[in-house]
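Working notes, beginning with the structure itself.
Note that the chains are named A, B, C, D and E in the order they appear, and that numbering of residues resets to 1 at the start of each chain.
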């Protein structure tokens, strides 16, 4: 069986095993971990061939005449696949600590859906054509829905409703017709370098199509379709991590980049993406401002995600080779940074039962490791060396300046300041402000060790990506050189 | 005698024979055995005919060896063979299900009559589908209708009677309209054989009786297929009929009526008459849209699960008729595909609901108040009946049109048809209405999965006799969502055949 | 009305003729108006008279319920049976030509049995319905 | 005939209604005879005037015999029926003239029936039982369906129906 | 116009029947109307089959011109179907009478709504 097939079979079996091990928690969690590790191993096996220029393929069956469910691994998908499967390991470790620490209900359902979400994330990453992408895009939504509504409270159900309504609504209303339209005009939906749309397609149709795609991919949280992200904050923290870093939003921006590169092609888009630059720029700034005003830590992180995602869209919309590379890199760097931040948020909640920014005074003394990790994540998002965020931002900024998109430049600079404005105070308060009075009476230390381990790992990863970004670059190089 | 040559006759006669035998024997078990055998035989025959029609294009059979137009002809083209498969296939699945289902819903000494009626209904529907003779359509329509009224009236809720009566009145009016229409056609052409009629109609095309006939047939058939706003009989009938009956009807009765409509529109009147002399397509478009939105919207606010899905059926029929109005191969294909896919999906849903009825009937004292599936009683159902609920969710996704289910295929073909005609706003309408489907399906999901069960009741899944047939159909909805070579292939061929004839 | 002497006498005299007439209509169908359906109805009417005059119970004795229900089915079976016979003898369904060496005679034979089938079913159904309605309510005399 | 029907539509005493419908059927039968449709006339007389009247009366014995006053003025049905009428007349006026020997129904299929190739003088019977024998099989099945259906509905039950009769 | 007199009669009969079905609330009255409606359709078929100077289609040497037998056949079938429907409808009406205690449509609907409301109250 080829590595590609294994990449789908392993997590499926894993999910099955987890379901079987319903009654014994230890067995269940170990199954999860083993699956995650195996999966990452398999995906790694794909890396070398892809670097060597191979494109492993796998065609399952023909869904419609001339349209089949097919997979094809190319650099971008490889990158996303690596991130998803790699972070799953860390996330599982973390989940075990979190779910046990907070004595959550329905843990089996949780782990099963988690595994299945990973399957669909990988399927999206390796999708060989639009139809396959769309199929698993929807599956991912459905698989994450139970995770979002995990608590089962009215609040959770309301959040889940928003989550589902926006993601399904946009995908059915905009993405599906876009896919069908592409098939209608191009006669195929296979991703091919340089795009598949007929060259004689007039600008009006192209920009309409682009709009359909950009709004249809609600997971990319382009305003005004970003509301689901904050709404989904009702979910347990590991789920938030999954949504924000591992699978969901990444699937969104990944699809954006993939479609821009492999369906449109940079040439045909020339001149029709200005509105997209403007809109994503607006999203970046607006979301940052909201984040600034949010006191709830997770909510602040959520809006930060919204703005960070638009970095990727902006970069894609710039249509310069460098910016595309920047977009790809930013998917990776943001993943690591944001998962770190969510892990720390969860750790603080588990250890100190604090959710608001204003309660974090002096917590750095109680949880030094956690807050250190938080600092690294924050630096990365702001884009300060030696954190990975700097690299991707640099590429984007560079290409923007080069292409003379001064609006974009301004947005990037401004948002960097805003990022700093909403992250650094937390760091400052955590380390240099005194503990508040009542906190002094309930002593608490770090979160349980699995959580700590997880968040330190990702923090380390954030740093590593800065120092060893060369392999990443080598991986995504072909995106534009092809 | 070689079986193959006589498949068309056997197709109908076998189930038809099973009914009187069942009455003669007066024994539930035997009746079940015979009628089921008849249904399976019919299914086998349908498969055979599907293959034959694939080779020959059209299979013609002269009953009584009287050549048409003097005798009655049986005529199986691609479309007919497709519908035959749907009808007999559904029956073949639903009948084994009935065995376990009606135990709880119909008094024991009635069972053999239930099976007899079922056999008759099946024979009637098959007869309508296969015959090539206008008046014969009417006769078999009545067979299926009368048996249907009885089957509905067998429901244990007294409202089943009222529903059945209402259906009888509306159905008979519809049938009479059809007779009037056929009468006009006969008086203008002097023949009853559809093919012959089509040819001779060319001469008197767009004469007033021809137009009147078209109008009467369309109205009458629309009554039978519950085209909005002629659907009033449907919700009550589906809600109060026995579960197995609801499933069977939802999958077949309305679909066969659609088939008859297609038959008359495309095979007899032909496009020029239907689509150019009258504003019929526009009317059809409006009514379809009305159904897609109004009915689905009403469905959202239903408090009774069966009723909810009954209204959803009315809405889904809108998609089918919508495909008709395009007057294109693509549109016709979409209609036919959805006709099939929706049949399978709805049958699955109603069978599963029947499972819920049975399970909750088991909890309430035997023969007590028939359990009404109001949402408050379904809270936390997923804990008690995980398989059933999951099945309903999967089928529900198919109603929404989520990729990987049969419903997605229907939607895809429908949208392609709309794009082909460059009616972009219609694409939007189709997608919007499927959001309504999301709404009503999710009402069930939230109640069943995320509402705490009233009392900590243990797990009590529906008996396997009910689960297995239902899940067969659920798997079918997934299968036809992934491998469409059969559905789309056949539908496309059928559509081309029809349009070519119509030209 | 059971014990009205005149009625009883008239009935006794009349009913055989009604039944006879039914039989005539049945078999004369090839030449004059009439046929299985009318015959069946008239025959049933005769029995109904009997029931009205001599009471439902005695009628039930003459033509028991079980028999009636059997008639319902038997007629259809007979009709379809003729059709199947056509099949077995190598013709199409309901092909009467093959029922006899001489095709025309075969036709006659076929029509004869078919009409018989119709008559049996119709008569059965009429009686059944009558019994049903009659035995409902207070159980005494029938509809009229 | 029209009179009968109109009175029938007006009166609310169901007994009268049924008798009227019986009369109506008889008139219909005579009219059919005038139109040479002796078989049909015979059947109509037996069925329309005989069987259905008995049936209706039987049913009436089990129900109330007065119809309640209609609560609301039935404009919608009126409109619908008039629309139907308009459509019918529209269509009917295009039909061949009454008793026009050139009408398609006399030219096309029927002649062969009248050749009497199977030597059955009563052509109606011939067509009924042989040419279109399958229709008649269907007809018989319909009757059978009705019979069996009525058994299913009216047979006295040991176990009472579901307890919804509150 | 005179050539279509029979049609006009037919139409009027039909519509009267149809009106009774749709307008009247009494179940049995509805059924009567329904049978009138169906019966009148017979004329639509039979009348055009008549030929002036023709006789009933019962072949005999002394006649040459016969009316068209085919409509007769069809209508025979139609009559039977009609009466079957009527019988079934009556049976249902009787059962309704037993369970509801009335055969007036309005009252039945009222009763059902009552039950419906009860359900909604419970939920």
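Quick note on the criterion: a residue touches a chain if its C-beta (ideal position, glycine included) is under 8 Å from a C-beta of that chain, and two chains touch if they have at least 3 such contacts.
What you see is a predicted model; the values in this text were computed from it and never measured.
In the absence of chain B, chains linked through touching fall into A | C, D, E.
Common neighbours of chain A and chain E, by the contact definition above: B. Relative to chain E, the chain whose mean Cα position lies farthest away is A. Two chain pairs are in question, B-C and B-D; the one with more C-beta pairs in contact is B-D. Among the other chains, the CA centroid farthest from that of chain B is the one of A. Note on chain placement: the centre of chain A and the centre of chain D lie 71 Å apart, centres being C-alpha means.
Averaging C-alpha coordinates per chain places the centre of chain A 45 Å away from that of chain B.
Centre to centre, using the average C-alpha position, chain D and chain E are separated by 5 Å.
For the pair chain C and chain D, the distance between C-alpha centroids works out to 21 Å. The multi-chain contact residues of chain C, meaning those touching 2 or more other chains, are 31-33, 37, 69, 72-73, 76, 80, 83, 93-94, 96, 122, 129, 132-133, 136.
Residue positions of chain B touching 2 or more other chains, listed in rising order: 16, 19-20, 23, 63-64, 135, 139, 142, 146, 149-150, 153, 158-159, 180, 186-187, 192. Counting only residues that touch two or more partner chains, chain E has 14, 18, 44, 48, 56, 58, 70-71, 74, 76-77, 80-81, 84-85, 87-88, 91-95, 99, 115. Chain pairs that touch one another: A-B, B-C, B-D, B-E, C-D, C-E, D-E.
Residues of chain E touching chain B in their complex: 14, 18, 21, 27, 30, 34, 37-38, 41, 44-45, 48, 70-71, 74, 77-78, 81, 84-85, 88-89, 92-93, 95-96, 99-100, 108-109, 112, 115, 119-120, 122-123. Across the interface of their complex, chain C is touched by residues 56, 58, 76, 80, 87, 91, 94 of chain E.
Contacts from chain C toward chain B in the complex involve residues 69-70, 72-74, 76-77, 80, 83-84, 86-88, 90-97. The touching residues of chain B, when paired with chain C in their complex, are 1, 6, 9, 13, 16-17, 19-21, 23-24, 26, 61-65. Touching chain D in their complex are the following residues of chain E: 2-20, 22-26, 28-29, 31-33, 35-36, 39, 42-44, 46-52, 54-60, 66-77, 79-88, 90-95, 97-99, 102-104, 106-107, 115.
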